[in-house]
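Handing you a structure now.
Each chain gets a letter, A, B and C, in the order it is written, and its residues are counted from 1.
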Amino acid sequence: MDRFKTILNIASKQTNLGFGLVALLTAGGEQIFSSVAFKCPCNELNFLYGLVFLLVPALALLLLGYILSKKMWILFTGLWHNRAKLCYWKNLATTCTAFLQISSTALVAPSSWLAVALLNGNYYECAMTGTNLSVYNQYLCKDMNFELDCGRKLHMLPCDKRNEEVLRTLRSQSQILGWLVITFIMLSSLLIICLARCNSPISYQQLKFWRAYAQEESELMDLYTNKHAKDLAERNLKSFFNQMEPANITTPSNKDWEKIS
Amino acid sequence: MDRFKTILNIASKQTNLGFGLVALLTAGGEQIFSSVAFKCPCNELNFLYGLVFLLVPALALLLLGYILSKKMWILFTGLWHNRAKLCYWKNLATTCTAFLQISSTALVAPSSWLAVALLNGNYYECAMTGTNLSVYNQYLCKDMNFELDCGRKLHMLPCDKRNEEVLRTLRSQSQILGWLVITFIMLSSLLIICLARCNSPISYQQLKFWRAYAQEESELMDLYTNKHAKDLAERNLKSFFNQMEPANITTPSNKDWEKIS
Amino acid sequence: MDRFKTILNIASKQTNLGFGLVALLTAGGEQIFSSVAFKCPCNELNFLYGLVFLLVPALALLLLGYILSKKMWILFTGLWHNRAKLCYWKNLATTCTAFLQISSTALVAPSSWLAVALLNGNYYECAMTGTNLSVYNQYLCKDMNFELDCGRKLHMLPCDKRNEEVLRTLRSQSQILGWLVITFIMLSSLLIICLARCNSPISYQQLKFWRAYAQEESELMDLYTNKHAKDLAERNLKSFFNQMEPANITTPSNKDWEKIS
C-alpha cells in the first residue's frame, strides 16, 4: 500500500514520468482489448466497426481525462458567478491558456491509444476493407488474383487469411500512419512547450521555483484545510452535545477564499 | 483486515477511485456471470432471455445502490413529518438536486454493467436472434446460405456455431452500441459536473474545505453519538440494578437533532 | 479467533454488511448442496422432489431466522401473561411492526436461497419435467423429435442428456424467474425502507443515536446481568456453607424487570 502511494506521489510530481505511465497503461490496455474483444464482422459494417474501435475509446479517454483533471475544476468552479470578470480580455486569455494546458494533459492517453492502435493495425485493416470508395477498392484489388467481384469479397479479407498481400498492404499503411501520428504529437508538443517557454517573462530557474512553490502551497493547503475542518467540526459537535455556546473559531470569509483560488 | 479497511477508507474519500473500483467489480462480476450462468435457450424465449440478462441486473444494481446510499436515508428520514417544509420552492429544489446527486452515484454500477455486457456481446446476440421483426430477420438472413425457413433457424444460431457471419454481425453491432453507451455516459457526466461546478457560488478551495468539514463532522458525529449512547446506557442500567435515582445526563432535544440533520 | 470475532462484530453492527454476508453464505451453501446432494429421480416423483429442494430449505432458513432472532424472543417472552395489554390498539400495532421488522431480517436468507436456486436452474428443471399438466407438457414436447409418449419420456430428460433443447428452455425459464425474484425483492425492500424512514418522526442522526443506544444498552445489560447473578450466587452459597445469615444484596423486583423489557 505504502509503496503504491510512493509511486503515485512520484508520478504526480514528475509530470513527464506520469505521462509515460499513462501512455504505457493505455498501450497495454489497447493490446489486451484488441486481442480479446475485437473481432471484425467481415461485412458492410467493417468500416463503422473499425472506426468505432479506433476513435471512440480515444474520445472516451479524452473525456475521462477532463473529468479527472483537478485543474479543470479549479478553473471552472464558480465560473458562472464570476462571469463578469471574463469580460476583461486578459482574464479571458488566461482562462484559454489554462484550458489549453489542461487539454494537452488530457490528450496524452487518447493519442497514445491512437498511436498504439495504428501500429497494431487490426482496426485500420478492418475499417479499410469496408470502405465503399471504388477508387481505393480498385487500388487494393489490383494485387489480388481474382478481379471480378473484388468489392464484395474485400469485406471477407480479415476473416479468411488467404489473401495475405492485401492485408500486408493495409497493415503497413496503418503502421506508417501510426508513426506519423507519433511524430506529429512529438513535434507539436515540442513546439508548444518551446513557444510557451520562450514567451515566459521569467527564467527557467524561477519557473522551477514557482512550480515547486505552487505544489507546496497546494499540499499545505490540503493539510491546513483538513485541520481547520476538523477543528470546526469538533467545536460544533461538542457544543451540540454539551448544550453550551460554541467557542469562537475564525473562518476566512467568502471573499478571502475567492482571492486565493 | 486493517489493510482492507484502509483501502475502503481511501475509496470512500476519493470518490473517483471508489467509482472506478465499483465499475471494475461490476465488470468482473459480469464476466464471471456471463461465462457461468448464461446459456442461450435457442428458441422463441431468446429475446426475453437476452433482454432480462442485459437489463434486469442493471436495474437490480440501481436499486441496491439506492438502498445502500447513506445520503438517501439522510434525505428521506422524517420527510413525511416535515412535508410542510417541502412546499417552499427552495427546499424542493434542494431535495431534487440531492436526489439527482444520489442517482448519479447509484448509476455507476448499472451503467458499467450495461457497457461491459454490450462489449461482451453474448446477451445482445441471444436477444437479437429471437426477435420477431421480419425486416430485421431478413437483414440478418441475407448473408446466410439457406434462405428458406431462416426465421425459424435464426433461433438456433447461438447454439450451433456453423453460421459465424450472422453472429459476427450481431457481436459487432453490440460492441458498437457498447462504445456509444460509454461515450454517452462520459459526455453526460462531464456536462453535468461542469454545469454543477460552474453554477456553484463558491470557489474550488472553499468547496474542498466544506467537503472536508462535512466528512469530519460525519465521522466525529458517529464517535460522539456512540460515546453519548454508551454513557446514557451505563447510567440507566446502573440506576436499575442499584435501585437508585439516575444521575443527570443532558441529552439534546428532538428539535436540536432535527436542526443538525 | 480474534480476527473472526472482529468480523462478526462489524457484521452485526453494519446490518447491510451482515445481510450481504448471510446472502453470500446461503448462495455458497446452495451451490455446494446443488452439486453434491441433488440428484433428480427421473420418474413421477420429479415434481415433488424439485419443489421440495426449491422451497423447503427456504422455509427451514426462515424458521431458523426466527429462532435465532434475539428481538423475536424479547417480543414474545411473557406475552401470554401480558395479553391484556395487547387489547389496546397501540400496543398491538407496535407488536405487529416489530414482528414485520423481524420477518424482514429473517427473510434475507430464504429469498437469497430461492434466487440462487432459480438462477442455478437445476431444481426448476427437475420439477417441471414432472408436471402432469398436459398443456405445459405439449408446449415442452413440440420442440422434440419424438411426439409419441412425450409425457412419459419427459421424466427422463434430466437424466439422459440427449434432449438439450427442452432442458435449455427450462433452464432459461428458471433464470428469468430468478431475476424477477431478485428485482421484486430489491424493489419491495426499497419501498418498505423508504416508507418506514419517511414516516419516522425523528431525523437520521437521532435514529442512528437511538440505535447505538439500544445496542450499547443490550451489551451492558448482558454484562451487568452476569455480574449481578454471580454476586447473588456467591452470596447464597457462602451463607449456605458457613451457616450464617446472608448479606443483603438488592435485586430488582419482577415488576422492574418487566418495565425495562
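Everything below uses one rule, namely that contacts are C-beta pairs under 8 Å (C-beta built on N, C-alpha and C of every residue); 3 or more make two chains touch, one makes a residue touch a chain.
For clarity, every value in this text was computed on a predicted model and none was experimentally measured.
Student: Considering only chains that satisfy the touch condition with chain B, which of them also satisfy it with chain C?
Tutor: Correct list: empty, since no chain touches both.
Student: Going by C-alpha centres, which chain would you call the most central?
Tutor: Chain closest to the assembly's C-alpha mean: B.
Student: Tell me the angle, as a multiple of 5 degrees, of the rotation that maps chain A onto chain B over the C-alpha atoms.
Tutor: 30
Student: Measure off the straight-line distance from the CA centroid of chain A to the CA centroid of chain B, and report it in whole Å.
Tutor: Here the centre of chain B sits 26 Å away from the centre of chain A.
Student: Any idea how many Å lie between the Cα centroids of chain A and chain C?
Tutor: Chain centres of chain A and chain C, defined by C-alpha means, are spaced 49 Å apart.
Student: I need the residues of chain C touching at least two other chains; which ones are they?
Tutor: Chain C, residues with two or more chain partners: not present.
Student: Tell me, which parts of chain A touch chain B in their complex?
Tutor: Interface residues on chain A, with respect to chain B: 1, 37, 39-43, 45, 48-49, 52-53, 56-57, 59-60, 63-64, 66-68, 73-74, 76-81, 159, 221-222, 225-226, 228-230, 232-234, 236-238, 240-243, 254, 257-258, 260-261.
Student: Would you mind writing out the residues of chain C in touch with chain B in their complex?
Tutor: Touch residues, chain C against chain B: 3, 6-7, 16, 119-120, 143, 165, 168-169, 171-173, 175-176, 179-180, 182-183, 186-187, 189-190, 193-194, 197-210, 212-213, 215-217, 220-221, 224, 228, 250, 252, 256, 260.
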